[in-house]
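A, B, C and D are the chain letters, set down in written order, and residue numbers restart from 1 in every chain.
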Amino acid sequence: MADQHAVAAAATHGGGGGHATVKTYINVAIVLAIITAVEVASLYIPGIPGPVLVISLLAMSAVKFFLVVGFFMHLRYDHPIMRALFVGPLIIAIAIILAVMALFSAFVLLPRVVL
Amino acid sequence: MATQAAFMHGSKVETETFWGIVWSWLTTVDHKRIGILYGTSAFIFFLIGGIEALIMRLQLARPDNTLVGAERFNELFTMHGTTMIFLAVMPLSAAFFNYMIPLLIGARDVAFPRLNALSYWIFLSGALFLNSSWLFGLAPDGGWFGYANLTTIQFSPKHTIDFWMLGLQILGLSSMLAGFNFLVTIINMRAPGMTLMRMPVFVWMSFVTQFLLVLAFPAITVALILLMFDRFFGTLFYAPAAGADPLLWQHLFWIFGHPEVYILILPAMGIVSEVLPTFSRKPLFGAPVVIYSGIMIGFFGFGVWSHHMFSVGMGPVADAAFSISTMLIAVPTGVKILNWIGTLWGGSIRFKTPLYFSLGFIAMFTMGGLSGIMHASPPVDLQQTDTYFVVAHFHYVLFGGSIFGLFSGIYYWWPKINGKLLDERLGLWHFWLMMLGFNMTFFPQHYLGLIGMPRRIYTYAPDLGWNFWNLVSTIGAFLIAVSLLFFIANVIRTMRSGPVAGNDPWDGRTLEWSIPSPPPVYNFARLPEVQDRDDFWLQKYGDGHGSAPRPRPAPVTAAEIAAIHMPPTSYWPLLLGLALAVMVSGLMISMYQVVVGGLLTLYLMYKFAMELHRPSTGHGH
Amino acid sequence: MIQPPATTPRPRRRFDWSLACLLGAVLMLACSCSAVGWNWDTPMSTVMPKSDFGKMTHEIFMLISWWTLGIFIVVEVGLAYVCWRFRDRAGAPIPKQVHGHTVLEVGWTIAFAVILLVFAIPTIRVIFKTQEAPAATALRVEVFGKQWWWEFRYPQFKITTANELHLPVGQTATFLLNGPDVIHSFWMPQLGGKRDVVPHRINHITLTPEVPGDYPGQCAEYCGVSHANMRFRVIVHEPADFEKWVKAQQAPPVESTDALAQQGKTIFSQSTCVGCHTITGVSAGHIGPDLTHFASRKRFAGSLMESTPDNIAKWVENPDHMKPGALMPNLGMTGEQGKALAAYLLSLK
Amino acid sequence: MADHAAVHAIHDPNIGNTGLDNRKVGMWAFLGSDCMFFGSLIGTYLAYKGKSISGPLPHEVFDIPLTSYSAALLLASSLTMVLALAALQQNRLKPATGWLFATAMLGLHFVLNQVYEFTTFVLHHNLTLSTSLFGSSFFVLTGFHGAHVTGGVIWLLILVMLAMRGKLDARDYTKVEIAGLYWHFVDIVWIAIFTIIYLIP
């Protein structure tokens, strides 16, 4: 995931590896602000079907998430060990959230009798 | 050694007077001393948990027995489980992490020595807090698994559950801090040349364990926090009347609880993987496979938790999914067992006590693993879960596995830690009596479970066919107790007059045997350059394919030793551990105490953090 | 710091006769214990299935048991053989430093996977088979697990009873499990199970009893102080007998004209008993067990005791003494009152 | 980072044989662990979403404009944090201190917003910890995030204090960097919470 944004960023700012510059930081912050604005605005636009809204909101927050992790937290410039230490648990955490959600909506097998 | 000892503490005081010695232990940040503290505390709690087990076995020796009542029995099985898991097996493993990991990776200490001390003192304060419940007659009685909603204030209005819930949070904090410390130590402090694949397998299994610790404990911490809020602040997480589902607890608990099983067994597997090569004088068979199996077990360990919950009615799809993932996890486990046997194959096996315990581990763990496969099948599990069959199963894994493995480690590394060899004859008595007692206690429990004896019952009717084998089981439990007396006698005898071990009593293969026993405070006068997983063996014998033993390095000079910088002692970890206990116990006494304890903890954290900030201007010891 | 390889010959180890004798003795004791026998046909045996559900479970259990027994023997015998064959001999050279064998590793990994597949296929078949939606003709029984006793309701017959479950042989029964307090687990070892009773969630289990009989059941999930005392009985009848039982339960209770029993009835109806217990025509409490046909049941208080006058009298005098933590309060009944109540309750056929 | 490590390898006990700083590796391990912590809390919230049987519903109480403003505050504080680090690296201590202080103040503003939000929920919507499952899971999840932010603010203020006393300079880059990692993590948790709890209907 982080790599895709890295590519996008590299195209925009013309800077590849090494340290992010102050200019990069400001550009990232601008992108973050724009995405947040779009997220909030999309709530007030009538007529977006539910699933589309949910998926696009999740996608936008994922982009924000990885922009902060990749640039502000330097993970895209850092040692692979750091990446493994963070991304591995993140994947496990997300998988567990999804599994718990599945388990909690699949429970009632027969109609409830009234006590 | 005398100069080293003085150097170790960086000052002139101590090691002379009694209080000086006590103070030096209270403020130590030396990983070896902390390891000894962990080991000793864990062994004491192991004995306490064992006594709890013996009382339970006496109560169950015959039907309709009235030795202890229902309430007391419930307290006993709750505290037995909690003690054995959190206060015996985990800290005993932690003792080996502390003492052995830096030695095995060729480091002078762990990454954060003061944090290491902090982990220990937090552990001790949590353990004492939990056990202090006995003194107030409020021992926890909700089971080590503490299923909600039995643990909510409505059904457990007394402070019993609070002791358990808060004690576990303290212990969890300690485990996680230690986990971060060892993760960083293993990642970052390996000797030059020790790539990940050259790391000894014990270190690898410990590495996986640390991942499990830092990733599994957050789940139970959340579960306990939700319970704490339910009990103290009126939230509704486990209140079915408000629409809550008490199974939330079970899910969060077992998301922690299943990795926890591997936290308990992987270190023992690591020990066995060190002991077998040493005593068969061969490298570990298929070491990379054993390592990858450990990683697989750790990873899959997060995907099987609901197999503890097949009876809760999750529906066929979830049952099937967790059944398959559970069966998958059996594959790497089975592979490990065959690799251990492969290690022995073709070796020149020297039968010493550590090896006996490792062989006992393989023999008994195999059995526990195989009965585990039965529970992986939900229909079979429905009959077996919550019966003595499961009790037998996990004692074969955790006693026949973990405890045998840990005793193997104790006998194996004792000469390194104490400089003296434990007595072989007493060791064999210990082993055989324990083996017999263990099988006598737990083998019949398979049968008892299959003929329907449920767990956690303080009494049973006489007409169910359970009487005889329960009696046998009780006798077996006392045999285990007797075997431990042999161990204790062995330790006392060795302390008084044991044969001096020397650096390398077992003709070992890994770095710890290349340094004196017990090791100097800085471990390695010169950090080793590592070329192989069995580096020390190669130094001694070459690789067996024509390469000669390596030339001996030049002797270490006094100047080299003088240049070694070891961290100074610190009393902040001890104070911080105490302050935390003050804060947490306040929840049951007064909110003012929580606030005062919390502010104190924050202040001490600040002092702890600032102690080494700009050490040149600080108080240089 | 490195020591030269040890070349001194190791002394021959002394054989420890006392240890060997002790081990032999205990081993013989263990063998003779085993000779006492492993009786599998006991009241709560899980390996004597008496229902379709139990049989399906048992088949998988036996399949896995035989396979694992085989693996167990191979591993243990192999381990012993390797230990014996490769034991250290005086003056033996350093063994060849073998690091592994890829083909072997791949081989046994696949072998394990295949064996597990053998277990997985029938497992998954049975999971789905046993959790199918029950047929409309199935007998529905509502099971309520309560601290620490069981209530059974048959909505189609309008029957409520406690601690004694009656089923007709050969007819599929669906149990709807629910409870008002904590988690329990509904378990009838000989008929199959178990399934947890989770408050405010309906769980279900469906099975068809195949052999008439009187089977014990028990709560299998730790549920507080008297978890061990939360038992029940399952009586599987021939269909005709079941009909008879239903008729008897539906009928109003037959009261005795015995003086003591009448005295007991007065005590019952004038005390707080009525707040918790139902006796058709006398009281309508819902917290404790329905006592309308109390005398039709052999045992009471979580199937803990036989329904004898003595036991009942003792129980009403001090329930907590008979069943620790019992939620029925001590009403301060005297021995005389207890006897009267016992006479009354035992008259409720 | 590589050259940075090489200079300090001999003297600094915090640099391991991989050339990485122990404290930084430790911080990333902690953040991984904290993912599981918030993962469990978010999982709890989602498991109970829509299961409340009384009390106000989420969309009846949420003040999206206010929360969006809070989200913007945290994002802005992430920017000031990296600017502080960039300044510190060049040993420009005054701007570094200023940016650190700005970060702490933005964080404090976020916490105050949350206090205001919680107060409104309690006073105007009758939503407390014990009202419903929504109340319980919402307050505990966002409360623990708020506690993380508060901890971060205290940490940052201590750094500011040290800097003002002349006890913090480019040599302490890693110390400030790990504080920054923690701070950004708190920000990304909010990014997740903001979307999952507030925005998704």
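Everything that follows uses one rule, which is that a residue touches a chain if its C-beta (ideal position, glycine included) is under 8 Å from a C-beta of that chain, and two chains touch if they have at least 3 such contacts.
Bear in mind the structure is a predicted one, so any value in this text is a computation, not a measurement.
Trainee: Please state which pair of chains has more C-beta contact pairs than any other pair.
Mentor: B-C
Trainee: Using only alpha carbons, which chain's centroid is the nearest to the whole structure's centroid?
Mentor: When every chain is reduced to its C-alpha mean, the one closest to the whole-protein mean is B.
Trainee: Among the chains here, which has the CA centroid at the largest distance from chain A's centroid?
Mentor: Computed centres place C farthest from chain A.
Trainee: Measuring centre to centre with CA averages, how many angstrom lie between chain A and chain B?
Mentor: The computed centroid separation for chain A versus chain B comes out at 37 Å.
Trainee: Could you put a whole-Å number on the gap between the CA centroids of chain B and chain D?
Mentor: 33
Trainee: Indicate the whole-number Å distance between the mean C-alpha point of chain A and the mean C-alpha point of chain C.
Mentor: 48
Trainee: Can you list the residues of chain B that touch 2 or more other chains?
Mentor: Chain B, residues with two or more chain partners: 183, 187, 214-215, 219, 243, 245, 247-248, 251, 255, 313, 315.
Trainee: By the touch rule stated above, which residues of chain C touch at least two different other chains?
Mentor: 131, 201, 203-204 - these are the residues of chain C that touch more than one other chain.
Trainee: Scan chain A for residues touching two or more other chains and write them down.
Mentor: 81, 85, 88-89, 92, 96, 100, 103-104, 107, 109
Trainee: Provide the residue numbers of chain B that touch chain C in the complex, in ascending order.
Mentor: 69-71, 74, 141, 143, 147, 149-150, 155, 240-241, 243, 245-247, 280-283, 285-289, 311-313, 315-316, 319-320, 323-324, 327-328, 330-331, 334-335, 337-339, 341-342, 344-351, 359, 362-363, 366-367, 370-371, 373-374, 376-380, 382-387, 424-425, 428-429, 432-433, 436, 439-440, 447, 449-460, 463-466, 468, 472, 479, 502-504, 507, 514-516, 536, 539-541, 543-545, 552-553, 556
Trainee: What residues of chain D sit close enough to touch chain A in their complex?
Mentor: Checking each residue of chain D against chain A gives 1, 18, 20, 24-25, 28-29, 31-33, 35-36, 38-40, 42-44, 46-48, 64-65, 68, 71-72, 75-76, 78-79, 81-83, 86, 180-181, 184-185, 187-188, 191-192, 194-196, 199-201.
Trainee: Considering the complex alone, what residue numbers of chain A touch chain B?
Mentor: Contact set of chain A toward chain B: 81, 85, 88-89, 92, 95-96, 100, 102-104, 106-107, 109.
Trainee: Which residues of chain B touch chain D once you look at their complex with the stated criterion?
Mentor: Within the complex, chain B contacts chain D at residues 111-112, 176, 179-181, 183-184, 187-192, 214-219, 221-223, 225-226, 229, 233-237, 242-245, 248, 251-252, 255, 565, 567, 602, 606, 613-614.
Trainee: Using the touch rule from the top, collect the residues of chain A that touch chain D in their complex.
Mentor: 20-22, 25-26, 28-29, 32-33, 36, 39-40, 43, 50, 53-54, 57-58, 60-61, 64-65, 68-69, 71-73, 77-79, 81-82, 85-86, 88-90, 92-94, 96-97, 100-101, 103-104
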